Each structure stands twice: as C-alpha cells, then as structure tokens.
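When the chains are written out, they are named A, B, C, D, E, F, G and H in that same order, and each has its own residue count from 1.
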Amino acid sequence: MPPVEPEVIPDVARQDRTGQPEVIYGPGKSPAQVLAVAGALVDAGVRPILLTRATPDQVQAVLGADPTATFHERANVVVIRAVERSSPGRIAVVSAGTSDLPVADEAAVVAEAFGLTVERITDVGVAGVHRVIERVPDLERMDLVIVVAGMEGALPSVVAGLVPAPVIAVPTSVGYGASFEGLAALLGMLSSCAPGVLTVNIDNGFGAAMAAHRIVSRR
Amino acid sequence: MPPVEPEVIPDVARQDRTGQPEVIYGPGKSPAQVLAVAGALVDAGVRPILLTRATPDQVQAVLGADPTATFHERANVVVIRAVERSSPGRIAVVSAGTSDLPVADEAAVVAEAFGLTVERITDVGVAGVHRVIERVPDLERMDLVIVVAGMEGALPSVVAGLVPAPVIAVPTSVGYGASFEGLAALLGMLSSCAPGVLTVNIDNGFGAAMAAHRIVSRR
Amino acid sequence: MPPVEPEVIPDVARQDRTGQPEVIYGPGKSPAQVLAVAGALVDAGVRPILLTRATPDQVQAVLGADPTATFHERANVVVIRAVERSSPGRIAVVSAGTSDLPVADEAAVVAEAFGLTVERITDVGVAGVHRVIERVPDLERMDLVIVVAGMEGALPSVVAGLVPAPVIAVPTSVGYGASFEGLAALLGMLSSCAPGVLTVNIDNGFGAAMAAHRIVSRR
Amino acid sequence: MPPVEPEVIPDVARQDRTGQPEVIYGPGKSPAQVLAVAGALVDAGVRPILLTRATPDQVQAVLGADPTATFHERANVVVIRAVERSSPGRIAVVSAGTSDLPVADEAAVVAEAFGLTVERITDVGVAGVHRVIERVPDLERMDLVIVVAGMEGALPSVVAGLVPAPVIAVPTSVGYGASFEGLAALLGMLSSCAPGVLTVNIDNGFGAAMAAHRIVSRR
Amino acid sequence: MPPVEPEVIPDVARQDRTGQPEVIYGPGKSPAQVLAVAGALVDAGVRPILLTRATPDQVQAVLGADPTATFHERANVVVIRAVERSSPGRIAVVSAGTSDLPVADEAAVVAEAFGLTVERITDVGVAGVHRVIERVPDLERMDLVIVVAGMEGALPSVVAGLVPAPVIAVPTSVGYGASFEGLAALLGMLSSCAPGVLTVNIDNGFGAAMAAHRIVSRR
Amino acid sequence: MPPVEPEVIPDVARQDRTGQPEVIYGPGKSPAQVLAVAGALVDAGVRPILLTRATPDQVQAVLGADPTATFHERANVVVIRAVERSSPGRIAVVSAGTSDLPVADEAAVVAEAFGLTVERITDVGVAGVHRVIERVPDLERMDLVIVVAGMEGALPSVVAGLVPAPVIAVPTSVGYGASFEGLAALLGMLSSCAPGVLTVNIDNGFGAAMAAHRIVSRR
Amino acid sequence: MPPVEPEVIPDVARQDRTGQPEVIYGPGKSPAQVLAVAGALVDAGVRPILLTRATPDQVQAVLGADPTATFHERANVVVIRAVERSSPGRIAVVSAGTSDLPVADEAAVVAEAFGLTVERITDVGVAGVHRVIERVPDLERMDLVIVVAGMEGALPSVVAGLVPAPVIAVPTSVGYGASFEGLAALLGMLSSCAPGVLTVNIDNGFGAAMAAHRIVSRR
Amino acid sequence: MPPVEPEVIPDVARQDRTGQPEVIYGPGKSPAQVLAVAGALVDAGVRPILLTRATPDQVQAVLGADPTATFHERANVVVIRAVERSSPGRIAVVSAGTSDLPVADEAAVVAEAFGLTVERITDVGVAGVHRVIERVPDLERMDLVIVVAGMEGALPSVVAGLVPAPVIAVPTSVGYGASFEGLAALLGMLSSCAPGVLTVNIDNGFGAAMAAHRIVSRR
C-alpha cells in the first residue's frame, strides 16, 4: 500500500494577496510537475510566469511546450510569461567580478520579467574604487540598487555611502577558503557600516529582484 | 612620544550624498566625544540628530547639554533633533514577543525621528497565527513593514505571504540554547520561503529604520 | 595476517526490549551483508523488516531474493516485511514544498510499514498560511503530526499553535546558501516559540516515523 | 511623540486550540507585566498558570500578589495555578549528573503542574551504565521518558535502546570547552543511533514537559 | 625559468628519535614519488613500511614493484614491510556499526603491522548496550582499547566506565545531517563524562594505532 | 507537591571496575553535597579523593571538615585523600606559556594524587623551539608526556616528533580573537602531523591526568 | 607535596635570533612575575621592553618600580624601555571608527617603541569612501600601511587598491550580531579581492606592529 | 529583451596606482573572456601578465594564441608575460609536506613572474623540527619567507621564532576531519605565538606572492 502520490498545488491566490504570483523553483520537481504548475498558472491568468534554477530537462520540456518562452542561460531562468506593460521603476544591478555575473543575471532577468527597467553596471570591485565613483551619476538616478558581490562583499557599503537609493545586497558564493561559500560576504553585508543596507540569502538574485519589485512597484 | 590623539570627525557631507545624516553610535565614545560630534552636526544644520545604543553617561551628558533632547529608555535612543516635518510615508513595526520590544522600539523611534509615521503591532507570534491574520487589513495599508522576531524568526515569512508591502526582517537575540544569540532567527529569515524578505543584522532595529526611510522617502 | 573479517550481527533481541525491530540502514553495507541481515531478521520472525537509504545494488539484490518485497523509489525504502495488522493510530505527514517530498515519503512509508495509518498533507508552506489553516479540521483528528520542512523551517511552529496533537519536526536540507544544508531549519525548529515541538535530525524521516510509532502504539 | 507603549496581550484562546494555555516566560517582562498577564489568564479560567525562568523581582511580585502560588527554586518556576485533577499519565525524568538537576527540575515541575505523575531517576550517567540498567524495570512502566544530559549527551541513546517508551532528550549546557555550551550534547542527541529519540532545545526542560503532556494526555 | 622540482625527502631518522618510522601518506603523491619514498625507507632498513589512504594507482605501482607487499582493501592500506617479531602487547579495536568498519580496519591493520596483537569486537553500538557488557571479560584482558564510532559517538564513554584499560576514541564521519561529517561524534568524545578518554581526528584509525603502539610497546 | 529532592549518589563501585575512583567535580554542587559525596567515598575506602574546579565555598567547607585536605590554589583542586604509595610511573607536564599554568597544574596535581611522579617543564613555546630541544634528554626518560598549550597549540606536534613517549595534548583557552577560546589549539592538536598525538577537551588537565594514570599504572 | 612552582623564564636570546626581543604579555601573570621578567630583560640589555594588555595591578607595579616607564591608557601598553634611535621607516595606522581606536593605538604605540615613525589616519570608514581617497597622497609616501577596521572590514581592500605599499589588515571585535566578535571582519579581510592584503588576529594591533617592524626595519 | 551582455573590463590603471597589474583569475571566465582580458593587458603594456587557477580550456586557448606563454602544471598558472628584469629581492617558499606543493608552487611561480628570486625549501614539517633548524642559515639570508602548511599549520610559528625576516603564512586545505578544509591551519596561523606572522587565505599562494612583491620590491 504505497503512500498517496501528493499533487503539486500552486498557490494561485498569491498574486491577489501580495501582488506577486508564485514563481516555479526548479530543483526537486520533475519536468511533468513543472509543466503542470506552469499550466495552472497560465490558466489562472497571472503574470509573469517564471522558472528559476531550471534543470536542462525542465528547460527542454518548457521550451517544447511553449515556443514563446525564452531561456536565459547564464541566469538559468525561463521566462514563460513576462508582464505586459513595464512599470516606471528603474533599478541598477551592480556587480563586482565576472564570477558574480550569473547571480546578477538572475536578479536582472527576474526584475525585467516583473516589469522593472534594469541598468547593468559590472566590474566595479572595491579594489578599484574609482570605478564605482565614476558611476555615481548613473546610480543617483535609480529608484533602487541591487549590489551583487562575493569574496569580502564590501561593495554594498561603498555604494550605500555614495547614493540615497535603497541598497539590496546579494552575497555570492564566489571566493575560496575563508570565504566559506559566501559566508564571508554574507556576514560582511549584514555587518555593513553603511546604515540601511538590506541583505538576502547567498546567490539569491531572485529574492533581491522580488524585493525590488515590491519596493519599486508601490511608488 | 605618545601617538597623536585622533579627533572624531563626523562625516557632515553624508546627508548631501545619501539623504541621511550620520547617526551617533554610542559604544566606545566618551561623553565628551559624543557632545563634540553632536555639536558639529548641529552646526552643520542636519536633521535628525540621534544617539543610539547610548550609555547612561552619554545620556546624562546629552540631556544636560540640551534640554530639548528626549531619551527613549527601552529603545536606548536619544533624539537630539527630530526632522521638522513628517513625510507622508507610513510603516508598521510588527513584533512577536515582549522580549523583542527593545529592538522594535529602536526601529520605531529612529523611523519617527526621520519623519515616518509608525504604527505598532505587538504580540503576534506565529504560535497564534490568527493574531497576524486579524491585522492584515492594517498591514495592507502600509508602505512597508518591519518585522522583529527572535527564536525561530518565522514571522516575516508569514507576513510577506499575506500582504504586498516590502518586508524588512530584524532577527533578535531572544531565545536560548540553539537560537545561538539570534543566529537561528537570522538564518531563518535569510532562508525565508516567502520571496522578497530583506534582512538586517541581529538586533539592528536602527538599520531597519534607516533602510525603511530610504525606501519610503523616495515615494 | 589480515584482521579477521568482522561479521555483521543484527540485534535480534531489540524488538523484545523496545517493541521495534532493528531496521537495516543501507549505506556502507554490501548487498551480501544486507541479505544476510535481512535473512537473520526473517528467521527471527520480527516485523516489519525494512531497508532504508538503499543503494541501487541493494535494492536489486533484495527484490531478486524476495519477490514480495516492495521498493518505494522516492522514499528510497524497501519494505521486506510489513506488519500484519495495522494499529488504530492515525498520523499526518505534513510537508511544505515539492523538494521536501522524499523525506516526507520516507516518514510515511516507514510509519505505514509499522502499522500506522498515515494521511498526507502537502504544499502548505507558511508563505501561504491559509493553506495550513484550512486543514486544521483534518489535523485535529490526528494522534500525532509529523511536519517536514526546509528553508526557515517555520511550519512546525504554526501547526503546533493550531492543534493539540504532538508535533514531530523534521528539518530538510532543502534551500541554498544560508540554509546551510538544513541547519537553518534545524535551529529554527529547536528554537520554536510553540511549546512542545520535538525535533529529529536533518532529513531524518525515518527517525520521525520510529518515534511516532513509539508514541502512537502505546495508546 | 514617543511610540505607543505596546500592551502585553496573552493568547487566551490557546488552550482551546491546543489544550495547553500560554505559559508566562519571565525574561524581558517587568513584574507589572507578569502580574497583568497572570491576571488575564486567571480571569480566563485556564489551568495551569506558570511563570518560568522567573527573575527574583518577578517571583516576589507574584508571591506577594497570590499567596497560594508556590516557587520551585532550583527549577526557577512559579506555579500560580496547578491543574485540579491529575491525568493517569506517568513519566520519568532521568538525569545524568548533579549539574543537570535544574533543567530536570524544570521539566518535572512543569509536567506535574500539567497533571502528569512524575518519577525522578538521577545520577545514572553512562560512565556507570549498570546504574541505568538497574532501573529498566521502573522505566518499562513509564508512558514516556524525559532524559536530561550534558557533556556528550549519550544517555538518551542508551535508554531508548532498553525500553519501548518514547524518549524526549534534553541537552544541557553542562560541560566545558568542546561541549560548547550544550552543542556537543545537542548534536549527539540529534545523531542518536537509537531510532526514535526526539530532541528539544538546550536546557529546555519546559519544552520537554509540554511535549510530554501533549503525548501522554491524549492516551 | 620554472621553480626547481622539489624532491620528496623521507625523514629516515624518525625511527631513531621516536621508535616509529615515517609512514607514507598517499594523497597528493604520484606513484613514482611513493615508490621513491618506499625505496629510501627500505634502504634505511626501517620496519614497518606502510602506505595509507592509497590511491588505486599507488596500490598497483607498489604491488607491481614488490610482490611481497599486501593490500588491505577495506582499510585502504598497503603493508610493504611488517615488523619481524610481534610485541607482547594486546589491544582491542571495538566498533559500533558496519559503516565504521573501514576506519576500524585501518586501525587494526596498522597496529598489527607495528607488531601488536589485535582483537576485533564489532556491532556493539550503545543502542544495544548489553552487547558491550557481554564483552567486558574480553576487554578487561586488554592493554588498551581503541573504540571507533560515528553518529553520537557514545561508545567510548560506556567502555571507559566498564574497564581499566586506556581508551582511544576514533570518531567517524558516519551519520547524516547534524552529525556534520563526524563533528557530533568528535565533540561527544572530547566531552566524555568518563574520565580518561583520549581522542584522535575524525576517521583517523591510523593515528589511533600509532598512539596505541607508543603506549603498548613501552610496557 | 514538589518533586522529590534527588540525592547525589556517588558511583562507589567505579574503582573496582576501572581502577579509578569517582572524582568530585565542583560546579553545580552545594558545599553540603560535596561533603556528602566526599564522606561516602571516605567510607568506601577509595583513594585518592579529589575535588576539582572547586568553588571558594566548597574549598572552605572541605578544609573545615577535614584539616588533612590540601588546597592547590592555581590548580583549583582539593586533595582530600592522596594515594598511599606512589607508582613507579614518571610523566612530564610540559607547558608553553604562563597563562597555561593553571591547566598544567591541574594535570600535575591530579596525577600526583594518583601516585604518579611528575616533572614540570615550563616556558617552552614553539616560538623558541631550541628550548624544547634542550629538554629532549629529560623527555626521553619519561613514560608519558602531557603537553599543555594554547594559541596555535603546536607544541605537541614538536614534542611527539622528538621523543618516543606517548603524548597527551591539552588545548587551553589561552589566546584571543581567532583562537576562539581554545578552538584553534584543539583543532591543531587533532590535526597534528606527528602521528600518535592524543587529545583531550579544552582546559581539561584533569582528563589528561586520568588518562595518563590509566596508561602508566598498567606498566 | 605541591608541584614545583614553575619559574617564568624569558627567552632573552630571541632578539639575537629574530631582531625582536620578547614582549611581556600581561594576562595570567602576577605583578611580581611581570617585574621579574622585565628585570631579566633590562639585565639582558634588550630594547624595547614593553608590557601589553596590562592589568591595572601590573601597570601600578611597573610604574612604581620604574618611573621612566610610560603608560598608554587607551592602548593599554606600558613602554618600559623604548629603542634609542628611530629607524627611517614610516608607516601609517589607518582606522575606520571611534571604537577601533584602542586597537589602532596598540599598533601605533608598539611600532613607535620599536623605532618606527607612525602617522595616524582616523575616521575613514568605507561608508564615506572619499575620505580615504583624499588621503591617498599621504598613503603613497608610506613604507607600509596598517589598516584597522571592524564590522565588515572592507577598508583594507579599498586601501590596497589605491596605493602600492604593503597592507596589514587588523580586524576588530567592533560590531554586533552577525559580526560575531570580529569574525565578519576577519573573514572579509582574508577574502579580500585586493591581492596582497595580509591579515593578523582579531584585535591584534600588537602583532601588526611586530610584522611591520620586521618588514620596514630590513629596508 | 535580454539583459545586456556585460563586457569584462580589466582595471588597466591598477599598475599605475599599486605597482601591480591585474592578474587574470580563471574560474567563471570563458576562454574567450580570458583572451580578451589578456589582449587588453598586452595592449596596455603591463607586465607580468598571469592567468591563475586556469581551467584546461583556458590553458589551451592561451597557449594556442601565444606560443611564448608557459604553463606551470602543478601550480596551475600560465605566465603570459613575465617581467623583463628581476628585482634584487630574494625570498624563500618553505613547505611542510608533499600535498602542500601545489600551493607552494603557485606562490613561487607568481613571485618569479613578478621578478623576485625564489628559493624552495620542502619537506620540513614540524614533526621533524631539526629539518627546519638545519636550514636556518639559508633562511637568515632571505628578505622574506613564505611558509605553506596544512594540518595544524605550526611551521610559520617555528620559522618566525628562528629568523628575523617577515613571515607570510599560507594555510592549505590539506588534512582530513577536524582540519576542516584548512580551517585548523588558518586559525593556528592567526593565533601564532610568534609575533609578526602574517596570514593569507586558505590555499592562497597567489596572494602570498603578491604581498611578498609589495614588500620586497620597495626595498
């Protein structure tokens, strides 16, 4: 007598409650489960519909079922439905090094799918701090800044001390040894001497984008 | 030949750059140093001027020097100058248990001194989850919600799943044993299954208020 | 002169002492060792006889040797002998997300093999807390509730605040970054503000079922 | 304009939902707040009414206000109202060393106030394992066993291998150096090789008693 | 201009200083380096000559070069030269579960190669504590007991409380979740309530055998 | 109805089983409990009788009750009864810095009370490694060496590479910052590159002496 | 028979070996021991002679015995003998906040007592990064820069990216919550994205100065 | 609308600011990105140009594009351009065991590419401390010593106590169990009792070489 196979039931009422539909998180789901959840969300008429941390099997299944979906490879996100009209909000996604780009991409792709306008600023690590300073005029125009950094994770402190926008810090698991898979950057961002830095989980570009949408869309 | 006594030099240009003046952090400063920094900030005309994590000696020195200052005991904050006009922004400071109140107070006092309108919601721990649900109509009117919780730190996840406002989670060092001085709540908030929860350091009500001001004042 | 090859000697008297026979834990045993232990247990007449955390080689060996055995794939458990008569006890296995299902399945399969009646409740994460509340009438009928959750691990606190049954919390290694392979959920469950939550090791659905059997079978 | 003084609002409906009224946790509450909560619970007619982790000021205030209250010094618990009739349930509170007694006492006093019959077994550390074995006949008569131990926390494994009752393990912060304030015992209990050991937070005798009451009172 | 290729220079004088020749630790050495070191040790006339944590390439190289060498597979040790005469010392290697056997084997093979007489006692985990007690007469005849255990690592405490021999505890990385790759067992052994338990590194059967030889050979 | 006051029952049969009587560990015991246990041990005729980690109240109580007891202040040990005849065993207690002396003293006082002959070697930290080397002739005469060190805890590795005696390493909580109250020394000793170093808990001079007695007294 | 009172024997040959005499570390030494060591160093003619982490009793004893000694209160260092001629080396001690000044002072006082010329740069935290940049012309003239910072510890990365001098980073235990007594700053400095940052222990201004002297004095 | 593909922009001005050009860190870059950055650096005329932690694809791409590049396999470094003239500086790279050689090689290859003269000293672990002492005359001639060690990481303390040169300690991830991937060595080096030891990240031979170049090239 096997246990009943539990169905995967999406929380379709979430958009009504929070203004944000459920996003499909890939790991642990079979391609069939992903398609079932995506179908339920399409039927419910919510937007956007996204699949994050997608496995190759899931990507293939979704693209096969829906040719209008787009796959962002480095971000590892499939956009099944984007919002139809962009909001006026404008955010920057700032990153320190090349290795941080997948996480920065995840933040950017998700934010754009939710209708935000995203500007990318890359390669502005604190070991060449003039590079951030040169971008202050751009940063001052932003409604919000997402800062993605690994290793010592110092970039959010520098940015928050330069401009008035809210700063969401995303630690990445980039670095070796005593960076302990992103722990050094995480603790550094939480301990930032620049008041008002807000932190999300390690490598959680998705969460940063979701929070950014909550903040900017209420403007 | 002793080392030159270093002076404490406030960063008076910070308000121009970031919209937020430097706030005086008490620990490690002598009462004379606190008065000197406060005087420099008064001379620079910035507002608000606050002293956080004040020691009794510092409180006495500031209140003696400036009878218009007000001391908030449980929050342990001295408001030396508040802003002159309140902004239209409205936030809630939600807390779980009695032991979380000092941190919630720090957030509320700082936010009000920066001109935000603050509503307090207390005693809504997740062990009686109906208490949060009853307050959803209040929470839905907010521009932002600060959620203060110790122990397992689950309250921000519940709140973020109920309302569309941005949620800033403040873990507190309340609990014993395996809560490890707030680590359990911190890790829980960072790992929240509700997308968009933003986290600050343990017991950092001040930082939550500063971030809230950045977000709400740009509205 | 090699060291004597130690034999694997099952503790066949355990059922007499504790009411629960030894269960075969797969990792580190050769298929031949598994068959030898299973044979000794069959000879001793105990029930149930289970193999958990089975490797593919072990599964193949057991199914080949005993066609009446059943393999539960997602739970990764082989039921070699189930109990002959079910006990009157009724438990729920509640889980938060799709990724938690293998651990929830392990708990359910083991509990059923020991004769308990198991009801499954899935997809009731705290980010949509109404989903748990809707199931309170079901939960109130239970003799015990096993709650399986990863990430911040908040679900046991919510459940224990809603119903009178004992709650066994099983943290899972689901989540990334600061969930630290289940540590965030584990610490959260240990620090639960709902009194009376009992915790087992990370991903230990087996242990939760064994404890549930001890509790319910004495009724 | 100070923040509104938040009132402390007890969750008086908890007993209806869970069968267990809210227990007053001392730390962080003023004596006046404790009296106010206690009064509200008395008015609501719930039983038992307990104050745990009481401060001396709180103890004095409660005993002054209600001469029928009793203070258990080593357990640091004030019993303001006990239940009126004891349940038939019988549990043992087993402890390893003298330093573990305050935690064992907290468990015993709370369990008795909830109406359970408690038997104490002390000084049965695993370094003299025959002492536990001699008590097996007593332990076999129990509906549940709470085992309190610090240092390596091995006693629950031994007990759970000897008797069929459910075992709740309480790690204590007893030990020095690499016991890391109870972490060694906590990890050991979670990793127990005896299936079915259930664990609560470090030094959490209260939580063990609450869980025991949930289990035994449903019998 | 490449850096000079550093040669691997064995410390051939170690046996004169400490009574124990250098043992070849496999990881990170090429097969050629292993053969070179082994050859230098053979030339120096020391005994025994061992290769531990051998890689398959290294095993093949050594067995090919010296047909008298013997490979112990589960222990992953190659004995190139054993001592010529056994010492009178007698030790027991006690282990808890099947998964602990590779570490126990490493201890046993190394100890025997150094001339000790080794008795194996297996499957005596603390969840069936009578199994250890039944072996007390055997253990009382020993000059030293090595106890190998994973999970909560409680077995050394029980053994040290039963017999007068010195006890060397070897934690293994057996267990999952909160055993944290042997950390739970390590902390438990260091925190043992049985005075006189001595601990070596996780999975370090080799180190236990080397210490045992130092102790027993001086008798 | 208070819980029965549990008595403190010494394990008087321990000496028969293990050759070592129970030693009274001070923390958590009242002076009256200490006197009661000491009296029971005196009545049982065991030797030695020791009180470790004594509080001032306990010391005063014991010295008042038994004028032949001697208090070793820096070791914080009261010797109530020493053994009557010394064993032929000879050990060295080696320590690195002045701050390590209390732990070294605890080891030395306990070992002498158990009848061992102890030689002290102090101030031989690895930053002046010639100081250890000069003492090699002394160390070579020893049956066993206890090495007490804080900070990086490197001294046991150096000693074990110089002499054939067994080495028991005692990490101390000496050092600041990243020594993490003895953790750096503990991990270093467990990871020693000198095979055969045996480790006890942080600051556990007592445990080192107990193990040394087991080893040396069997000679 | 008490253990022989071990004498404190300074390593007077250290200056000959390493160019740096032994410095007296206060904690754990009696005032008499401090005076004895200081006397031995004076007799040996070494310079400088310093007492760090001094207790009030030690300070009083040294100043009473030698009126030429000078006490630096915030650094908590007594300079008993300074070097007679300064070296040509010039270093900067840069610090971020007021709370970091005691550690920065320890570094500065020790470096000056060893003959280095020290320039102080204070209040240049990364939240106002222009303050560091304004000091680049000063920093470019330095032979070495010691950077003292707590919280996220980002300042060394910024400095090392701006100037060619070697950078020694000193994490301080300043900050709360997730700074974990300096751990966040320590991990951040070790993980610095600016190549060539060298790190010492938390709050170890002394160690930074000693390393600086080794580096600069060889110029 | 995909996010703009961010370009990788090397910080070509870094050599002017710090005297050290940007070094290409392999992980996370495509071969094309590596070639682009290398080309930009060649165009800027800086020297040396290095690729560290190279992947096989990157090595092949660089060697294919520039036949004058040299690949150091065990160090995993490609030297694309070395400096043209060596500086007079002389450093030693000292390592303990065979497994530490890749990290020591990385340090040596990078230092030589920057123009330093490097002497290698290998197989001088502290378990045979005479081997270090024999090399003191060589070490005394050095301007700086890099010490590479895993396990307990004790070698830097010994070296810094023997010679006056600055010591840079590089912990390696060599060891098992409680060495925790280099953590034991890292904490030991940070806690060194030899004043003046400077530490870099685990396995960070590159960082040690960069710091050495800053120190020695200013001589």
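Rule of thumb we're sticking to: a contact is a pair of C-beta atoms (placed from the backbone, for glycine too) under 8 Å apart; a residue touches a chain by one contact, two chains touch by 3 or more.
All of these numbers come straight from a predicted model, not from anything done at the bench.
Chemist: For the chain pairs E-F and E-H, which is connected through the larger number of C-beta pairs in contact?
Modeler: It is E-F, judged by the count of C-beta pairs in contact.
Chemist: Return the distance between the CA-based centres of chain C and chain E, expressed in whole Å.
Modeler: The separation of the two C-alpha centroids amounts to 35 Å.
Chemist: Could you tell me the distance, in whole angstrom, between the mean C-alpha positions of chain F and chain H?
Modeler: Measuring from centre to centre gives 43 Å for this pair.
Chemist: Whole-Å distance, chain D centre to chain H centre, using C-alpha means?
Modeler: Chain centres of chain D and chain H, defined by C-alpha means, are spaced 56 Å apart.
Chemist: Multi-chain contacts in chain A: which residues touch at least two other chains?
Modeler: 14, 17, 97, 127-128, 130, 160-162, 177-179, 186, 190-191, 195, 201
Chemist: When you check every pair of chains, which ones turn out to touch?
Modeler: Result for touching pairs of chains: A-B, A-C, A-G, A-H, B-C, B-D, B-G, C-D, C-E, D-E, D-F, E-F, E-H, F-G, F-H, G-H.
Chemist: Within their complex, state which residues of chain D touch chain E.
Modeler: My answer: residues 96-97, 125-130, 132-133, 151-154, 157-158, 160-162, 175, 177-180, 183-195.
Chemist: Can you list the residues on chain D that touch chain F in the complex?
Modeler: Residues 70, 72, 75, 93, 95, 97-99, 101, 104-105, 108-109, 112, 118, 120, 122-123, 125, 127-128, 130-131, 174, 176-179.
Chemist: Show me the residue ranges of chain H that touch chain G in the complex, using the header's touch definition.
Modeler: Result: residues 14, 17-20, 23, 143-144, 160-168, 186, 190-191, 195-201, 206-207, 210-211, 213-215, 218-219 of chain H touch chain G.
Chemist: Could you list, by residue number, the parts of chain H that touch chain A in their complex?
Modeler: 1-4, 6-9, 11, 13-14, 17, 25, 27-29, 33, 171, 173, 181-182, 186, 201-204
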